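What follows is a single structure, written as structure tokens, with notes after it.
Each chain gets a letter, A, B, C and D, in the order it is written, and its residues are counted from 1.
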Amino acid sequence: MGTLLESDSEKNVLLQSQFPKQNQTLMFHFDSDYMAGAHPEIMRRLMDTNIEHTVGYGFDEYSDEARRRIREACAAPNALVQFLVGGTQTNATVIDALLRRHEGVLSADTGHINVHESGAVEHSGHKVLALPAHDGKVAAADVANFIHTFYSDDTYEHMVAPGMLYITQPTEFGTLYSLAELEELSSLCHKYNIPLYLDGARLAYALASPAADFTLADIARLCDVFYIGGTKCGALFGEAVVAPDPKYLPHFFPLVKQHGALLAKGRLQGIQFATLFTDNLYVDIARRAVNLALRLRKAFEAKGHCAAIDSPTNQQFFILPNEVIDRLLQHITFEYWGPRGDKESTVRFVTSWATEEEAVRAVEELL
Amino acid sequence: MGTLLESDSEKNVLLQSQFPKQNQTLMFHFDSDYMAGAHPEIMRRLMDTNIEHTVGYGFDEYSDEARRRIREACAAPNALVQFLVGGTQTNATVIDALLRRHEGVLSADTGHINVHESGAVEHSGHKVLALPAHDGKVAAADVANFIHTFYSDDTYEHMVAPGMLYITQPTEFGTLYSLAELEELSSLCHKYNIPLYLDGARLAYALASPAADFTLADIARLCDVFYIGGTKCGALFGEAVVAPDPKYLPHFFPLVKQHGALLAKGRLQGIQFATLFTDNLYVDIARRAVNLALRLRKAFEAKGHCAAIDSPTNQQFFILPNEVIDRLLQHITFEYWGPRGDKESTVRFVTSWATEEEAVRAVEELL
Amino acid sequence: MGTLLESDSEKNVLLQSQFPKQNQTLMFHFDSDYMAGAHPEIMRRLMDTNIEHTVGYGFDEYSDEARRRIREACAAPNALVQFLVGGTQTNATVIDALLRRHEGVLSADTGHINVHESGAVEHSGHKVLALPAHDGKVAAADVANFIHTFYSDDTYEHMVAPGMLYITQPTEFGTLYSLAELEELSSLCHKYNIPLYLDGARLAYALASPAADFTLADIARLCDVFYIGGTKCGALFGEAVVAPDPKYLPHFFPLVKQHGALLAKGRLQGIQFATLFTDNLYVDIARRAVNLALRLRKAFEAKGHCAAIDSPTNQQFFILPNEVIDRLLQHITFEYWGPRGDKESTVRFVTSWATEEEAVRAVEELL
Amino acid sequence: MGTLLESDSEKNVLLQSQFPKQNQTLMFHFDSDYMAGAHPEIMRRLMDTNIEHTVGYGFDEYSDEARRRIREACAAPNALVQFLVGGTQTNATVIDALLRRHEGVLSADTGHINVHESGAVEHSGHKVLALPAHDGKVAAADVANFIHTFYSDDTYEHMVAPGMLYITQPTEFGTLYSLAELEELSSLCHKYNIPLYLDGARLAYALASPAADFTLADIARLCDVFYIGGTKCGALFGEAVVAPDPKYLPHFFPLVKQHGALLAKGRLQGIQFATLFTDNLYVDIARRAVNLALRLRKAFEAKGHCAAIDSPTNQQFFILPNEVIDRLLQHITFEYWGPRGDKESTVRFVTSWATEEEAVRAVEELL
């Protein structure tokens, strides 16, 4: 039992079991979008600048360039742009900055902050107020209903007040909020005077989706704070927090430091984001990944294996016969999401900028 | 006033003032040891492995290799070795893991956790119990006295109990604890049953100092938990937490995640530390830096400018006439630490693996 | 909107609207069980001892007597017994003491800690892991299923571990766990090595219920930590935390102080609990209250108004036609719980040691 | 050693050793000002109202009356007045409400929050920024110097920002800030835009001192938030937080609940404070206590035993020969504060509304 696991080694055994070590090199991987390093262009610029000396903590010229390019791409000339290292850290820090102490954060019950962040939000003292998820999305009606029910209760001051709304774009299930849905959530939040925060860990794959009817400028216009994910979208690591109106994140810098989220060599994020936001690289490399994901889906559907969720991005979920899964596992790794009856299971395939076309072809041939 | 600074831009102005942008490239820099990228050998291995796909969160083979090499270098075969990203984050996470809720951490009042971490330790709910610093070091007598005074007070349960001891090696002033001092602190901590934690943000420069009478194995034998600094010692980023006896850090992995300190692409730290701990690279590149620092010191002293502190590592503090400072600032950047009377000031010079011999020569010529 | 309420006065208006001020004295009240002062015998002893001087913080003889009497009543001779002031405070302090940092507390989604404590548990850094409530109760099967699902997930270390189970007896809906259900939950918790904590804010009304098939000694035998509620059961204030085996709450005293839960004049709780645990006063006064509550229920059911929940304790929930509610409100106050269709609503009636028989008779006549 | 104390019983032994149980009733006590119950007039009103039913949480008429009387006494008609239970809890809650997350609280290093609250302030995530104490008081020059030094440091955003100033009146050593000193601290705080918070745990004894050149209205005019202590000044328990301008404590009510500081039977504090603020009872009973304390001092000085600190309030500190201490301890209890050389020690005598004149006479005779 996990409660008994104290040592690293035991944990290794447990967690690595999910990842067959033997002939790893011969295999193709669709487990996640953080399995490879960084896009070659990023590595090239990191190499070119490696021996330069610059001031730390993001006050270097590369970080200035990255902030400038991001403000342009967001059409938000006054935006506060701050670089952090990873997603969980970014969510915990931003939410801690946006909430007053008596407030909690509204989120889909399937939201990353409510499930997969080991209680990072609670570590800062805030409750996650879970709303029913619809394919990973929050419904405006549920948000409005929660707030109305809350304030119509005479004892509401004994409960955790809804202080902000957290959404993910794309969601943990690869689905997207349409422009209309974002507009509705945004006006709802402003009506009730709570900030709207968008977790863009995979934002590139949302922007690159053929189903996307919104732009990065729309996100910046409708969200009070959001972050542009680097780790899963071509960078070695790094997330760019954007507050189009800086008033939403006063004194954010010391809070980032307090949360252990401030990188000494800040230029590393500056160089990476400056590269990603040059010549639209951020979206272009994601488009390729999304296209490969949709090609995978077509291949599965052609064989009669339907998708578990209608995802237009780089995460695809399929319901497969267990023998098909076993056959694929000979040459391909992907995530097992659980049984569906005795003979079938749900699995997740994820592509990224680094996914080889050869890998997709391998799947097509194996089916 | 800082309290009025809300916007990024204003902050830029303020903080970048410390760093002359103009003709940056023509200048030599001794401001700190995190101004350059990573040692070329690390960059080479990051490039070579960049397109590989590996499992995340440190369960890849490179991280296994790094853990193995570190355990060997520490002569601690059963050690828990966990990679985090930065120093403040590492201190906050380890201290949160080691302390019970009613306990605080003993530290020199000049300790990094007490001064320069924006309250990260307090953010996790713990008090820093400050002891007088002696050139940055804690005196065993002060620790013993604190603990005795504490428990001899009938009301001690109304006060914050000393739950662990935090020390830095080298200290924020470049000074070192001798082997005898470490032995004394270690036996004192074990006598009182509180863990001894060593912050090794610059540990390489301690191990490489001609004044060092201890080895990494000694550190591992005497400290219950410590971390081997990467960020300031040749890596792009990354700190390796080591608990020679894993019992001191049960359930550390989820706590690292909760603190936002878990990197998705864990192999990045694995590759860097595996490289640093191959062929003694970690200490060798630090030795070169320490030698350049001591050469700087000799140059200053030759001109009659005495050292403010007797530091045998890569940080050197000098008392200089203000006109000398102005002359040096034409071609060199370093940290200003404050006035000393009307005509003199204290300054800090820091070298690293990336310091060019040319830079030291420039100082020698300018004096 | 509540978000706009800043001033005390506005809040007064809002919250007091629930409580008609006019001719308050002529009315009978069933709003809650904390509307009157303390049982006369408690007031008598507080008066008798008022001018005595005693040491503070619960180390006086009255507190010793209370601890001794509680240990006897619980048949737990070695129990740690610590007095706190209020329920929310007690839950937050005990849960903070029982959980390791990476753990959360399992609770019915209707549990007081999950709904009505303004995020006190989260303020200490812990997540409430909500389970479906069955008339306010947690099902052993749901607990077992949660734990199994959790540890069978390879990524469980990225999620909040179930570290303890919180239950209320009676529940927020007046229902009771049977001895068999408590036995099952207890063995389940011990099987998985997580403590079982029982919130006994209204424990007296559970013990006094004709439906109770358990004793206080059974509670002490089956729960690792629980508290005996004073505030709602005859005292002015005060809750007695009991850990039959003190090992579950090491260093609890300083944690109580840290949580601001330590009363300077600790004897006030000592005197109150010593009185409540003399001649079975604690249960006797609750029995009277439960009998009046059941008599109320009989009266409503006789008129065809059925109970919303089958509660055998001092809280009764009825579904009433709105015109009946309006008629009753002329002379009686009680809690409105929400509409049920257009013509009916759910209401809560609560009795206590202080409920006058005259008040019950008034209801009977008004129906 | 305290670290080994796990069980209640052991702790009892340790802590009760400070308080001789044998013939307790024959002794006179000067240990502290929280050893007796409440002023008889308070007990009378608690008895008279005991069986009344009122709404909870401080929304009853008695609490309204108390708030009204306190606003009048403070000449602060719009003041937010919120009742809490105890001092540590009140400090932790108010400080948590006043500080932004990146800020700490300035306090004398001898301040109660820095020494005797078991880390309650840190539990809420804030650092106590200790300033040198001058007989328990903070010097305006030290505050100004701290703030200037802080903001003149380029790296100030890596440090904990001074977000408020905490002072105690009277101090832990019985000393008082003069009106001029309060004026200076107040204008300093407003100049730097940080709130001034005054801990008035013993405020009555300050207002009643012959040395007091300020009124309660002055306190309300100069402090942004303060609390009027009840526990040590005639009440059973209870502290009244006052914010003359409510804007300083927005959403304070849910924060009080979250901190476990909200009493269900709020009227208990309402009745007590309404009584204390009727016919000047609060100050009158304190004046009697202060006079007895000053009479004690005269008696000691007449015997050549000088005061350790020049205190004009109810706490007096004396340097006594150890044989005198032993003689007094036969009939009197007081606090031992530590040795002073081999033959003398410092002791603390505290009087309260409940101190019998007979007790003072006993001391006079024993000398």
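Just a few scattered comments:
The rule we apply is simple: a contact is a pair of C-beta atoms (placed from the backbone, for glycine too) under 8 Å apart; a residue touches a chain by one contact, two chains touch by 3 or more.
Quick caveat, the model's predicted, so the values are computed rather than measured.
Here C-D and B-C are compared, and the pair linked by more C-beta contacts is C-D.
With centres defined by CA atoms alone, the chain at the far end from chain B is C. Chain B and chain C have centres, each the mean of its CA atoms, that are 50 Å apart. Here the CA centre of chain B is 41 Å from the CA centre of chain D.
Each chain gets a centre from the mean of its Cα atoms; for chain C and chain D, those two points are 32 Å apart. Those residues of chain B in touch with two or more other chains are numbered 11, 15, 18, 101-102, 117-119, 123-125, 157-158, 161, 250-251, 253-255, 257-258. Across the complex, chain D meets chain A through its residues 96-97, 100-102, 124-125, 157-158, 161, 250-251, 253-255, 257-258.
Taken in their complex, chain C has these residues touching chain A: 1-4, 11, 14-15, 17-18, 101-102, 104, 115-119, 122-128, 130, 150-151, 154-161, 192-194. Residues 6-8, 11-12, 15-16, 18-19, 21, 24, 29, 31-32, 34-38, 40, 43, 46-47, 49-57, 59, 61, 64, 67, 78, 80-82, 85-90, 92-93, 117-120, 123-124, 231-232, 236-237, 246-247, 250-251, 253-255, 257-265, 268, 354 of chain A are the ones that touch chain B when the two sit in their complex.
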